[in-house]
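Going in written order, the chains are labelled A, B, C and D, and every chain counts its residues from 1.
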Amino acid sequence: MPRQLREEKVFKDPVHKYIYVQDETIWNLINTKEFQRLRRIRQLGTSFMTFHGAEHSRFSHSLGVYEVARRIISQFERNGYADWPSEERLLCLCSALLHDIGHGPFSHSVEKVFGTYHEEWTCKLVLGDTEVNRVLSEADSELPRKVSEVICKSYEKEIVVSLISSQLDADRMDYLLRDAYFTGVHYGTFDMERILRVIRPHRGHIVVKESGMHAIEDYLMSRYQMYWQVYFHPVTRSSEIGLRKIFERAKRLYGDSYPFRFLMGPLVGLLENNLSIGEYLELDESYIQMTIMQWSKEQDPILSDLCERFLHRRLFKYAATDARDEPLERELRSGLAAAGIDPDFYLEIDSITDMPYDIYRPGDEEESLPILLLSDQEGLTEISRKSDIIRSISGIHRGKQHIYYPEELVRDRASALPSSIRKMLGLDGV
Amino acid sequence: MPRQLREEKVFKDPVHKYIYVQDETIWNLINTKEFQRLRRIRQLGTSFMTFHGAEHSRFSHSLGVYEVARRIISQFERNGYADWPSEERLLCLCSALLHDIGHGPFSHSVEKVFGTYHEEWTCKLVLGDTEVNRVLSEADSELPRKVSEVICKSYEKEIVVSLISSQLDADRMDYLLRDAYFTGVHYGTFDMERILRVIRPHRGHIVVKESGMHAIEDYLMSRYQMYWQVYFHPVTRSSEIGLRKIFERAKRLYGDSYPFRFLMGPLVGLLENNLSIGEYLELDESYIQMTIMQWSKEQDPILSDLCERFLHRRLFKYAATDARDEPLERELRSGLAAAGIDPDFYLEIDSITDMPYDIYRPGDEEESLPILLLSDQEGLTEISRKSDIIRSISGIHRGKQHIYYPEELVRDRASALPSSIRKMLGLDGV
Amino acid sequence: MPRQLREEKVFKDPVHKYIYVQDETIWNLINTKEFQRLRRIRQLGTSFMTFHGAEHSRFSHSLGVYEVARRIISQFERNGYADWPSEERLLCLCSALLHDIGHGPFSHSVEKVFGTYHEEWTCKLVLGDTEVNRVLSEADSELPRKVSEVICKSYEKEIVVSLISSQLDADRMDYLLRDAYFTGVHYGTFDMERILRVIRPHRGHIVVKESGMHAIEDYLMSRYQMYWQVYFHPVTRSSEIGLRKIFERAKRLYGDSYPFRFLMGPLVGLLENNLSIGEYLELDESYIQMTIMQWSKEQDPILSDLCERFLHRRLFKYAATDARDEPLERELRSGLAAAGIDPDFYLEIDSITDMPYDIYRPGDEEESLPILLLSDQEGLTEISRKSDIIRSISGIHRGKQHIYYPEELVRDRASALPSSIRKMLGLDGV
Amino acid sequence: MPRQLREEKVFKDPVHKYIYVQDETIWNLINTKEFQRLRRIRQLGTSFMTFHGAEHSRFSHSLGVYEVARRIISQFERNGYADWPSEERLLCLCSALLHDIGHGPFSHSVEKVFGTYHEEWTCKLVLGDTEVNRVLSEADSELPRKVSEVICKSYEKEIVVSLISSQLDADRMDYLLRDAYFTGVHYGTFDMERILRVIRPHRGHIVVKESGMHAIEDYLMSRYQMYWQVYFHPVTRSSEIGLRKIFERAKRLYGDSYPFRFLMGPLVGLLENNLSIGEYLELDESYIQMTIMQWSKEQDPILSDLCERFLHRRLFKYAATDARDEPLERELRSGLAAAGIDPDFYLEIDSITDMPYDIYRPGDEEESLPILLLSDQEGLTEISRKSDIIRSISGIHRGKQHIYYPEELVRDRASALPSSIRKMLGLDGV
């Protein structure tokens, strides 16, 4: 039996009102330096450039995921469901709290360029020589291994994994509500208490009782709206691309032995792809932000320009096109190059299939944990087979693709560009 | 007539739902690098260590103050009040937007140690060689001077000043609502639309019509609750004190020619008290945060310890005492010193009169812009003369003072301390 | 130019925060006795038996529709859209306010039994000898006729009609938000301010700009959820059916010259289908409620039993079946009759196609005012052609039908029923 | 051990989100006809004439009080407080649910005229031959007696009584939140979860821990705002007075053997002050409303005029005066009489001390259950001794008194009135 705190601790939380901590292990995990570090990493990366309220950190989110998991489990326990493995409570709570512990700053952009992955880092931090590891081991020597397995989805009991990462998990429930709250968009909200009332453990799965179908439709519709209105917002994409170009330029320069004026500890590790745990922990958002400030004064004109753009929010503009047209894209690249604009760092063609966030796609092979509806007559059914709405939400979006480019630069040199490109980018007229 | 945007621009805002921009000058000010920099400075400094949601920036708040001012003015215009000087609209909006532009990172702590003041920097940024200055001058060559006068409260028309900084101004209305929203406490909310309905311009003042007294009571009660529950929260005070100790230690070391491993550009300017505008702008919260990370690896044990504490949120604990007792304090200092704990950096006695936030104190000499109630029979009256509640809110709080100290350090050496101190700090027993 | 009030009047409203009245005509209409009567008619009829908060009146809703219309028009005027016929402002506002003035108590049940229609009564009240008519005529002698045409959808300018009754009108926007607020379900809320920002007048229509498609999806999804969760709730249906049975029984008894103990003025008019305007106005929900109380003491056992059930909320239970099965239904009727239960008054087979509320069905012939999307390239398109989600929401729901019956009665006599019926109604087992 | 439902029942509630029922007794009580009758009695009487949203019933409120009591008890149980008498749980819940069961329609007005009191009726209904009595007795033969004692404040355990009716009870917590929600005023809201966290059972009392003082200040401030903005609103007072005048006129006429056209069952009982339980239950708001409709057609000109006014919301106007001035009031009465206006039915002088709602007045002799603060050092203290704000809220309001009168009537005959009265009522000028 895990040790309880003498007195319940409470965090004031704008999304869940209060977050309750009863277990000593949870309390100690929150106070580790690895967990406190999450205060220095924003939940939504560069989204704050589109939605100025989106300045909340992964620290808040991680507490929120813990709280959602705690409420689900407490509802399971209150109802005395036989299919709930009550001995897994602490494992679930720790995994919920720690599931993002390996996230670095602006992960979407950094990971793509440097091939670091937050899931790997999460395991390193849970299993390595860290305060988090010591707190977990103290509670139970098996706990670090189990937590890392839950987070990597290899833990033997699916029901534990699916509480933390499935199509209807504590992670998503918190981030949809939280991101909606902080951006200020209303359409990410759904009635979590209603969801809690319709889910239950059933033979190793978490399932939805049949009468709860509309509740799930509402939840998936919120998710759909958040993806299109917030997560995939083209201005946010533009800021992510801008950041990625900075790292790509720095990597190129480093490969070319460019003499950086500012280049310290973990940056070298990052560029050489051999960060130690200590360096990784040091590399928070302040570090990146301050580096960009310093690099805006570097002599390389591309690096300094890209950094200035990011700092002062002078983002690439975008133009929408219907589908990929490779010959035209080649022409675009060579046209820019001819006009003296390096397309490697000043052009991006972005289509939605590259997106880091996923929509519920039940047919998808990778989707091992879909949402299951339990009915008296028919047993378990994947939910989109029952709901037209979910089916249409799940359908792949006929997304336009976007071309990102620095408008003033291109406009200045528009006369040097072929008319097909000028037209594509809307540079003529008006 | 100020130039209008061809199409109104809109920001999604969680507090005011939408923020509307119609003037080209406002739009251009928002896009200056000095204004964008406010994204890198948190509105509530270290409060996020107490309320994890309080991670919002001065950028959001500044947009909010602008929006509140816009709504007040638009309500005055819609009602066609003769006493409203409609030619001052753009000046009001610019001043509202820019009133915090000179804020540096963690101002409360930094200003105390280094004697920089954000009001001064605001004037420097508005009047100096900056993008903000250029945008203002473009609209009207007198605008920079006027904006700086409004912000410094020396502008000739009181009504313009009081919209931006008085006891019932756009600044306070936004920050109370915003800080309540992001911390998640409900008691900072009041009905702003109701306030808008009861205020009006009257012979150079902004006054409240008599029937609006309860609305103002509600607003001041929210403010009172926010001060005691949020702004003066002892854990927040502890984190501010921790930060201040870092700067005090660094200043001492710099004076003693300590060889810092990490000490770059604006830090030197800060320590020598001769920052240029360019350096000041570079010195954002990332810079300070990253500096603290680096200094946690310095050889000076006090500096590195203080930085570690701040980074990992290992804050000083506090004990409450009823009133100052100087002999006991002296004993406390010498007791700590004897136990090998430098009281200059590990002890703080904090009483509420030092607080940077103010409560409405109508009797106060410094209060030149109190809240005035307008009645048919009696003309203008200062509001606390009519309301018992406001009078009791305004009364000086019989605040306990707090002693802040590093609990584990002191506890380790408790046996070396006199019993009077052990008792004061609650070190005996349990 | 319509006369303005000397001072704007304001109503506190829980849904729209404040409702603003500037026109004298609107103010006077609100104060007519016909409009005040709407306070005595609930907006959602018997829904309060399912959702206890749903006790709000048509008075509140009518003010709300007026306010939504006022905000739409004021946004059109502020943007100076050329396609908005500004001379129609007062007509729109009056029509919005009065669109439900002809509603009687529990209209869905009463209208079916007695063949009175609220649209007809609205015209009678607007055109007849009423206070409403006098107030309208005072403003403009043509106004009563025009208002009645707008409400009956025969007014020449489609744009005026569609503001009041189309697929995206002020009526629906208010009732979705209001019914969600009072029932307490969250899923009826959508962001009205966002909708206001994406609609505009365009060549005689109100259209949605292309980038607003997701906003409309969100609105239609709210509507869809409200229909399935609130308006079509089987318990609400059961209470409506219970009420209808009362009226059907009374009509039958009246036809059979049954000597009612309680039968006054307008009830006779109702039963004989020749209500005068005066009688119609007298017939509010209190009248019906009190009549049911009195009839619960009548000697006719069926009438008194049905009234008791309604009064004390002893509603018919329901069983779901997949599709109509006429032979089985005939067997059910005769089985009940054989068991001494009159199927005319104790049985109802209800399928969703009878429902009084509509879902957006763009293909429907009766739908003359669908939602149109305006794009630069393609001009106007009906919105479901662009959105998979709207298409799937609009699809006819494969609704089960429900059989309503008095459970205890039927259960008492279950042994007398054939087993096929016992099975259909779930009377065996457990 | 009380019997539990096989499956928890849930009501959707706009104020508490969900109301949970686990006990069979509670479920059965809700389904009694006496409890269902509360659906036909509005919580705030005639307040809907001032705040159109205030149409909610005592049914909703009673469920809410039950839910608040349930949450308080469940929090006490979860914390395992030794001072909580856990055997009293069902008694508390039943008392919370039933505390208003004896309320009749528009009680404030009716009780004053006819001397019926809802507390007495509550006991009659709980102890008499009713469904409620049968359900309670089934659970425990002592339960009816105990419930009636708790509601009448004579039950031996103070802690049980104070949960239901004290200065910080479930009743007030629900009605403040609920009335704020339905009227739409924001200032009645307070953070109930925060209150739950600071109260606890302590030696037979429910007390507030010292650090919870600001939470109580916030709660009492909400209450103060609600009283002045909602409960004591002069327009609401006017509608209550209008209704009282109707009953007073009817009583006078009945005494004078006036031949009423409409006078049925319980009305006679009411006028003769000998209502049976059955008649009392029949006398709901519909009955009164319909009676007023009928009486508006009586021949007595005063009765029919008063009824018309109430029906169509043509309320008495009011004028404020500073203090009672008996000679002037006598002059006013005789002046009206001389002008042919019967002052018994067309004049009311109302001062706030008559009000049916109370403010927290700790010094009051009648206040046997004040709010107690528990501190480690000082034990229990009445809270206003610690808080300036509560002391100032509790102070008796220097309320103006209001004179209510029918403006048009008086204005028509203004020339016949002495100038002192014309001035008092503001009839001259403008």
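Everything below uses one rule, namely that a contact is a pair of C-beta atoms (placed from the backbone, for glycine too) under 8 Å apart; a residue touches a chain by one contact, two chains touch by 3 or more.
No experiment lies behind these values; they were computed from the predicted model shown.
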{"item": "Third chains touching both chain B and chain A", "value": "C, D"}
{"item": "Most widely separated chain from chain A, with each centre as the mean of CA atoms", "value": "D"}
{"item": "Distance between chain centroids, defined by C-alpha means - chain C, chain D (Å)", "value": "32"}
{"item": "Mean-CA-position distance for chain D and chain A (Å)", "value": "52"}
{"item": "Inter-chain centre distance, chain A versus chain C - centres from mean C-alpha coordinates, in Å", "value": "44"}
{"item": "Residues of chain A engaged with two or more neighbouring chains", "value": "17, 185"}
{"item": "Chain contact topology (line, ring, star, complete or other)", "value": "complete"}
{"item": "Chain D-facing residues of chain A, complex", "value": "8, 10, 17-18, 79, 193, 197"}
{"item": "List of chain D residues in touch with chain C within their complex", "value": "11-15, 17, 31-33, 36, 39-40, 48-49, 51-53, 55-57, 59-60, 63, 181-185, 282, 284-287, 289-290, 293, 311-313"}
{"item": "Chain C partner contacts - residues on chain A that touch it in the complex", "value": "185-187, 189-191, 214, 217-218, 221, 224-225, 228-229, 388-389, 391-393, 395"}
